[in-house]
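The following block contains the structure, expressed as structure tokens.
Should a chain be cited, it is by its letter among A, B and C, assigned in written order, with residues numbered from 1 in that chain.
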């Protein structure tokens, strides 16, 4: 059914109004605050780049940015490395659609529970007397419990867990759209399993991998709860900076660090989208 | 397998040195998917260098049989031998067969050249050799000049030919084709049918072709195997299948047929007398009919002769349709429904709905058909 | 018939068959390990909620329901749960109202800049939630609207809007336009067609979108942490604050209940039949 111009406008009006008032304006206010300055416990509503200057001349800022980016890259890499084989196995080794749907649901299920609950689960698992350490000691891999909490390691493990479904599903979805005959054709033409995978499956599932990377990276970059609960004071990431600045009423600094976070996210989105456009689609 | 050039009568020898087609022997193959029997004890032998079609409606098992020959499925019972060698569970990349898939399965991320070159590169041929043979293949399917294009930039017919080239460039002894023309429009389809036949003649490769279109099968094949419900019903040349269908299903599936049920009354040398609701009717025997057996007499619509009323089988014209070459009549002779297709030229007497006519045919133009 | 057949099974073919079997086993194991890894934290939380001791030890030395009892004695959690549920309900309602209309415009409308608009409406998903959180904090502070549930409802509706639009749009794309055209042919106006023909067909998708929106809103932390100030904490924030101080299994008991709650909601969706494939939630 074709919608007239007025109809379209009418349908979009509530959404546009809501977004304008509740999304654009708050972001705008946020942006404006970055130009103010925080002195002696008060925010001076002046217009200056001073806060930006203070931020970018502080070596600590770069340390935080580096830590955030590094953490996100590691987590994204791990999530994709684990997620790809899992998606592949789910797509190709599970015939019964009922079982497949069940497994997909199970893989998706952690997202239905708050990140607080999931992080808490890791808090228990990674404790010095928790399951992970107990199991490793029982098997004899280690003698002393590993220190996995209140440092980067625990954060990496937990964030990878949180990102995993976001890595699995885009890859799984692209794999599902892949023409089954393509693999048969490659085999028919003499390719062994590895060659068929390398020449056909892998290149054609790249769009899924890139989409997964995009989601994982941006979500990991903006993660707050997990680094805070599992990282102790040692994991300094951008969202943490934003939070700390904001509760100390240093809104301008909070705004600047938040905008840096936003800029990094946008850069990642833009870069990965550019890669995505260049890939052959299925 | 050394490449010996097989020169077929009337065809120019090809410099590519095709080794001639292999014989494919399907031995009592059965395949089940869960509780469904897709292929039921099918046995047939495709001769080397033959254009053989597997014909039948959707779901009859023809594609599954083809895939078993290609190595994409494993038979639950029975086996396939290619040139006398049992295939067993040999995977597709180790068989001397190549397949043209129904949906073509061209690699979307490769150019035309790279698609065709794929099999050769898997064999680790030198790039010079690869280039030479790909160009040869492009010439064969008449796509020279398009090797740099992406698959998405080609028309349906061109893609079709790329798929063919990609398979043939590897000089398979057996080429498997899974309804390759079903996505093309009529004109293109007829064109491609000619090309396929020409190619097969030139190369001498065994072509094993699966289709549900009986006109296609009749036009292209040296021999046809008709399948239904997983079973192979009849194997023969197009002429044999048309003139002497083995079962009711085959008679109905190939061309149009009038099937008159009856019981065998008397068996003569080459005719049989069958009692039907239209009286006693004679038709050619196929062999093995017994008096008392329930059979059907198959008369093709074009074999029915209509004459003004008077003696013989009387029928009422129910409907008439004109289609250029023929005039089709729907007739009612008592409880029987018959279709006649009378060749048309100006001057042919035309009947219309409500007319009564006499229907007759030459007994030698009708044939007795069994149930199964 | 041909000469007696010779069975040729080259060593390479046998090797390949074995390699395939190994591959199979490795992949299946990977899948099971993957599922196990994904479920591990949730499973441990449930186990831990029945532990008899307050510290983190595996395996727990004994089983007990004491933490559930302790939970019942903490009114703050009960109030936070109710608050989260109300906020989620209201935010979902708002997002569904706005989102369904927006999705209709995006799928059925023809206008320039549609893709840009779609990108804009879906952008809250890629926004760092903490940034949005601060933005809303300052915004509502300036408006003098701090406290209570209104800022949270409004903020959450923006957060869940992209989810609603994506799912509803995916459902709309699959519809047969001919039905709407038939209704128009029979004299129905545009609003009537939308209300009587289009919406009933996407009922299941709207339900799925609603449940997902509810869950997402319920679980929000970063976007809401600045909008709460003790007396109006949402449940996740209440839990987060508790966890910073104490780590006894009371949180485990609460988490277990939340897991059951989420499972029940999903059960509702599954029973409703054909919801939109939730995987379509993820872009591309």
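Everything below uses one rule, namely that a contact is a pair of C-beta atoms (placed from the backbone, for glycine too) under 8 Å apart; a residue touches a chain by one contact, two chains touch by 3 or more.
Computed from a prediction, not measured in an experiment: that's the story for all the values here.
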Highest-count interface - the chain pair sharing the most C-beta contacts:
A-C
By CA centroid distance, what chain is farthest from chain C?
B
Distance-wise, how many Å sit between the C-alpha centres of chain B and chain C, to the nearest whole number?
53
Report the inter-chain centroid distance for chain A and chain C in whole angstrom, where each centroid is the mean of the CA atoms.
15
Where the centres are mean C-alpha positions, what is the separation of chain A from chain B, in Å?
56
Residues touching two or more other chains, restricted to chain C: which are they?
16
Which residue numbers or ranges of chain B touch two or more of the other chains?
91
Multi-chain contact residues (two or more partners), chain A
192
In their shared complex, chain C is touched by residues of chain A numbered 1-5, 7-8, 10-12, 14-15, 18-19, 22-23, 25-27, 29-30, 33, 82-83, 85-86, 88-90, 92-94, 103-110, 112-118, 120-125, 127, 129-131, 134, 158, 161, 164-166, 168-170, 172-173, 192-193, 207-208, 211, 214-215, 218, 221-222, 224-225, 229, 239, 242-243, 246, 251, 254-255, 258-259, 261-262, 265-266, 269, 276
Note: in the complex, chain B contacts chain A through residues 70, 72, 91-93, 97-99, 101-109, 118-119, 122-123, 166-167, 170
Would you pull the chain C residues touching chain A in the complex into a rising list?
16, 19-20, 23-24, 27-28, 30-31, 34-35, 37-42, 44-45, 48, 55-59, 94, 97-99, 101-102, 104-105, 108-111, 117, 120-121, 124, 126-132, 134-139, 142, 154-155, 157-158, 161, 177, 180-181, 184, 190, 193, 198, 215, 218-219, 221-222, 225-226, 235-236, 239-240, 243-244, 247, 251-252, 255, 258-259, 262-263, 265-266, 278-279, 282-284
What does chain A use to touch chain B in their complex?
179, 181-182, 184-192, 195, 199-200, 203-204, 280-282
